[in-house]
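So, here's a batch of structures to check.
Both complexes below contain chain A, partnered by chain B and then by chain C.
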Partner chain A sequence: MEAEIRTLPEVSQDVLASLRPPSLTPEKIQERLSYIIEKDRVVGDLPRRFLEAFAAVLKHTNYRQVIDNYARIPARCANCACACQIYQQTHDPKDVPCYRSNLLLEVYRRHFTLRGIVEGHLSGAPFLTDDLILEMAETYYHCTACRRCTLECPLGIDHGLVTHLARYVLSEIGLVPRALVISTREQLEGQTRNTSAIPWPAIADTLEFLEEEIKDDKGVDVKFPVDQPGREFIFFAPVSDYLMEAETLMGIAVVFYATGAMDSWTISTEFLDGINYGLFYSDWILERCLREELEQLRRLEARKILIGECGHASRSAKAFMRTFGGGEKAPPVVNIMEYTYRALKEGKLRLDPDVISERVTYHDPCNLARTGWIIDEPREILRSFCRDYVEMEPRGQWNLCCGGGGGTVSVDEIRPYRTGVTGVKKAEQIRATGAHYVVAPCANCKKQLREVCEDNGLDDVEVVGLHDLIYKAIVLE
Partner chain B sequence: MLESWIELARGPLLRLALLAMAVGLLRQVLLQVWEISWAFHRAGDQVVPWRVALRRNLEWLLPWRYLQRKERRAYNFTSFLFHVGVIAVPLFLAGHVAIWNQELGLSWWTLPPAVADWLTAITVVAALGLLLGRMVNSASRVISKFQDWALPVLCILPFVTGFWVAHPLWSPFDAQVVYLVHLLSAELLLILVPFSKLVHMVLFWVSQTSSELGWRFPPGSGERVRVTLGKETEGI
Partner chain C sequence: MPTFTYGDLSIEVDEDGFMQEPEQWNEEVAKALATTEGVDELTDEHWKVVNYLREYYLQFGVAPMIRKLCKETGFNLKKIYELFPSGPAKGACKVAGLPKPTGCV
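On to the complex of A and B.
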């Protein structure tokens, strides 16, 4: 291990020597961050391992140029604090986005820039401590990486990126929420190849059951295509949809039926889970998940990747497919709402305006709306058949996060935080609309919003997917 | 005695300060350009929205983006006025242009004196406003570091003294002392530019692009990190 350290150019021996002796036991870490895994179980010794991991990440990735820039320019104007729903809820200085990002930037400045190293020498004080690392592990999972604050920063500092990077480095030393690791391990290295550990036969049963349901409800024969080669789309939904969001899946299937395109899509039996927790905490995982998708696309000779109702699965595929799929040669990525929208525009969808009489509102998943990718399409679809459609404020690019972004929704241990802090503003927003249906086209948002409504006394609200309502209203002949 | 100090500050010191700033900024720019090109070269996805990034920078230079939003509107607009002043007065005041002319042999448009006076006053008031804004907003107060307080104060000095240099009758202090303070404080600021957050005057232009490139990963980087850390055989 010693030799290893010396081959890393960025951490100097002096810096390592100046670190405090280890003070934490795995038990102490568990006690403070019960949902965090400290996998390697190396007692203490976190600072050294953190710096090594940070050095390795800086060496092989493109983060250095951006955090070097961020470390030099911050105006500390606190514009970002006004945009962050967490800070607005807690008014805790530690929740100011710039403060949080500065934790990592300061580690960079102190240990990876010439000036910082010299300063560290002069002051003689060790900078990176066990406590600081635990503070980072905690606070970077308080941020939901919704990137709303980024819209407000005059200097263009992307706190979502800093949060992602910090979590990445932390994950390389084993500090990462257990829920995320366990699901990812099952998805990429387990038997079932999906995050919910559902074996294929169970999924096949579900699909068969859904086909019967559609037959009963709509009187048509709709088949879920499985392992069909040469199709236009290969379909990846968050696997939890197969367990919990049957109506979303049925809605998607009937849209294909209505467009006469039943033979244009397929599901892969080998890998069907669109979830990509790598977007939340690890470039390594992100790449592996996307490579699995590419692999299935090749195996089934499909031409495009179609992602179901899921924000992060869509963004991770859309934003990074070119990176790992060979730039220009990468397959196009389409979100199901874009497909359905086109069908509507082409006049292929008949949606009965008398079915949904309750008030409907739409929640923008951050990963779809923040960059302005998908904002108007679902609204137009909803307005075309929901008589009482209302908007939340703010919305679109400026939407508020559901409060469970960045993978935090999967961490059940922090539910009180998610529904009592990060989700409170969302609850108020939903209450103000008076809507019965909150349409949230994202598996993560759906789970979070249901919990938010439950914990904030919004008992009459029903959180559904876009295709759930389409399923109810669609007219098939 | 004072005269020789003034001579020193006007001539060699000024040149030194300008040179230090220029070299420091050039170094920062070159490093950043090099880092950005390296990042671009490694990125698996080389479609970078350069223009969008530049447009976002420009949007933040002009006030109407934040004038449309009510949060921090006054603070941001004050900041806008402040920036107009700190850029325009040093560059376009007639007395300064004369110096640039003498030092660099270049000459350009100058501010009418009355406008320069008003701009100076606005800059000072805006700087005080920014400090006040920083103080009353609890979020910015807690994240502020020493330089966030010190730099606005240091910016006020050359502006106030400069005003007195132009209008000696308004000045409560000895004209030569005022002039010397004006020169020295301005020079200190110039020297500090590359070493403080003032460096945003050049790095600001690339920060949006940098952010975009930060998300453009080099393919295989995750695996290489694992190898470097000796964890290539380890599972998730």
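On to the complex of A and C.
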């Protein structure tokens, strides 16, 4: 197998020659997938460019071994269909996870294995067509990359990984949702260095406002430390929290206050955004965002990376910091809920059980729960002060996605799909609990669940973060 | 880029109808943009939200935190949704001539 991998790293020139222009025009793509591209970035002959990009990715990464293994498996048992909330909603065979994965695997089989190349020559017809590329661009963003199907696959295929790889290759030829590209470009190359384009003076104004709010609500002086060197934690929230989630941020700040650890964390003025859309579509971006976090950690001589309430920001750092940040020497990555849980266990949090009288339920962000990373901690925290706490079914590692995972929540153009297809099962789940508060410790999930509730008639539901409720209930001296 | 026209007005907008050149904003533009948000008439309450957003944007280059918007205008979030059915970020900001928010907003 090793030898075969080495001898076939490139696409055959004959195959490339057989792919005839004219190819898709940007106008045609725009017509079918209005959200997917920046028009001026896509130029002709997509099948050829897709194969070249795929070949380059296979050559310079270690995806090839995985994909080569997957490609040897027929992957048509469709066991995964039982686990996929999208298929369960649409009953469209195209939404079966292994059907979707097979689109990319078939391109691999036809163009990157000896047998496929020979068969291609005999049949004469090029396999990779404009239509297939469009289908991939569409379907790989219908998948929310929640990876629930990976729990069901008897052959161990990680369909989430295939979705990621397909999106990676598509992004290399300019096929990627505009919303993700614009945000990432601002974060990595823009003036503000964050995905929501918030200039530092506005963040500073917001932090000052939050400090005043805490003073008014709780009567204590709590600071959001900025650019403090030598702290234990450097804190990266999803930057949208600074616009949307006042109580999440205030809750985090008061937990540090309550634990007597106000001088153990800091925010960086230069780069403070934990969002990493690279996890959704590009390993280049994934690596660059993590390197930015690392650079700030070094600049401020912090020891650990602390991620706020955000699933993908947490998983991208937790799972890949070692890959891109120095292997064994990479700094530890901690999610804020782990910190708060430890504080609870050490008896440092006083949470008034009479404050939250409404029914509360907890939504597991896929990026925290699917691998079994953080499941019990937030529940234990909530049960300690919420009298009417109920669970959703299924939950934990088997949770249902909010319906906006994998970056799709940022694509406003597909809101009807997100709330009318992928999010419907979640809406049913929430309705069945009868909860007023749905705790979703993730910026992506919060946005999506609010839209799901709005579009599915769940008017009395309030979607909040874990630290929002802690903020309401915490007793400070 | 699409152009939005309303009466004699003609402004460059993005795919979602947000202004491309926020500096071209004026009250007439706000009234015109409001019609795309299902708001036929801008009341004093609408103007209170729009003016605060505008003022904050001119000072800081971005919309204020939602909690701050609520506090400064005295309206709760529900009220803001009543005024601007698409909400503060997508509705009110559009009428106030701010660019479309990006990221997880």
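One rule holds for everything that comes next: the second predicted complex is superposed on the first by the 457 of 477 C-alpha atoms of A that agree within 3 Å, B and C clash if a C-alpha of one lies under 4 Å from a C-alpha of the other, contacts with A are read in each partner's own complex, and residues count from 1 in each chain.
By definition in this document, a residue touches a chain if its C-beta (ideal position, glycine included) is under 8 Å from a C-beta of that chain, and two chains touch if they have at least 3 such contacts.
Keep in mind that what you see is a predicted model, and the values were worked out from it rather than measured.
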Side-by-side fit of chain B and chain C on chain A, or clash: fit
Which of chain B and chain C A:83 touches, first, second, both or neither: first
Dominant contact partner of chain A by residue count, chain C or chain B: B
Partner chain(s) touched by A:99 [first = chain B, second = chain C, both, neither]: first
Contacts of A:34 with chain B and chain C, given as first, second, both or neither: second
Contacts of A:239 with chain B and chain C, given as first, second, both or neither: second
Vertex chain A, arms to chain B and chain C (CA centres, degrees, nearest 10): 150
Partner chain in contact with A:158 - chain B first, chain C second, else both or neither: first
CA minimum distance (chain B, chain C), superposed complexes, angstrom: 15
Residues of chain A contacting chain B in one complex and chain C in the other: none
Complex contacts: residues of chain A adjacent to chain C: 34, 178-179, 182-183, 186, 194-199, 201-202, 205-206, 209, 213, 238-240, 242-244, 246-247, 273, 275, 409-410, 412-413, 443-444, 447
Residues of chain A that touch chain B when the two form their complex: 1, 4, 8, 52-53, 56-57, 59-70, 72-79, 81-83, 87, 91, 93, 96, 98-99, 102, 150, 152, 154-158, 161, 165, 172, 181, 184-185, 188-189, 282-288, 319-320, 322-324, 326-327
Chain C residues within the chain A interface of the complex: 15-16, 60-68, 89-90, 101-105
Chain A contact footprint on chain B (complex, rising order): 28, 32, 35-36, 38-39, 42-47, 53, 56-57, 60, 66, 71-72, 75-76, 79, 134, 137-140, 142-145, 148, 197, 199-200, 203-204, 206-208, 210-211, 213-226, 228-231, 235-236
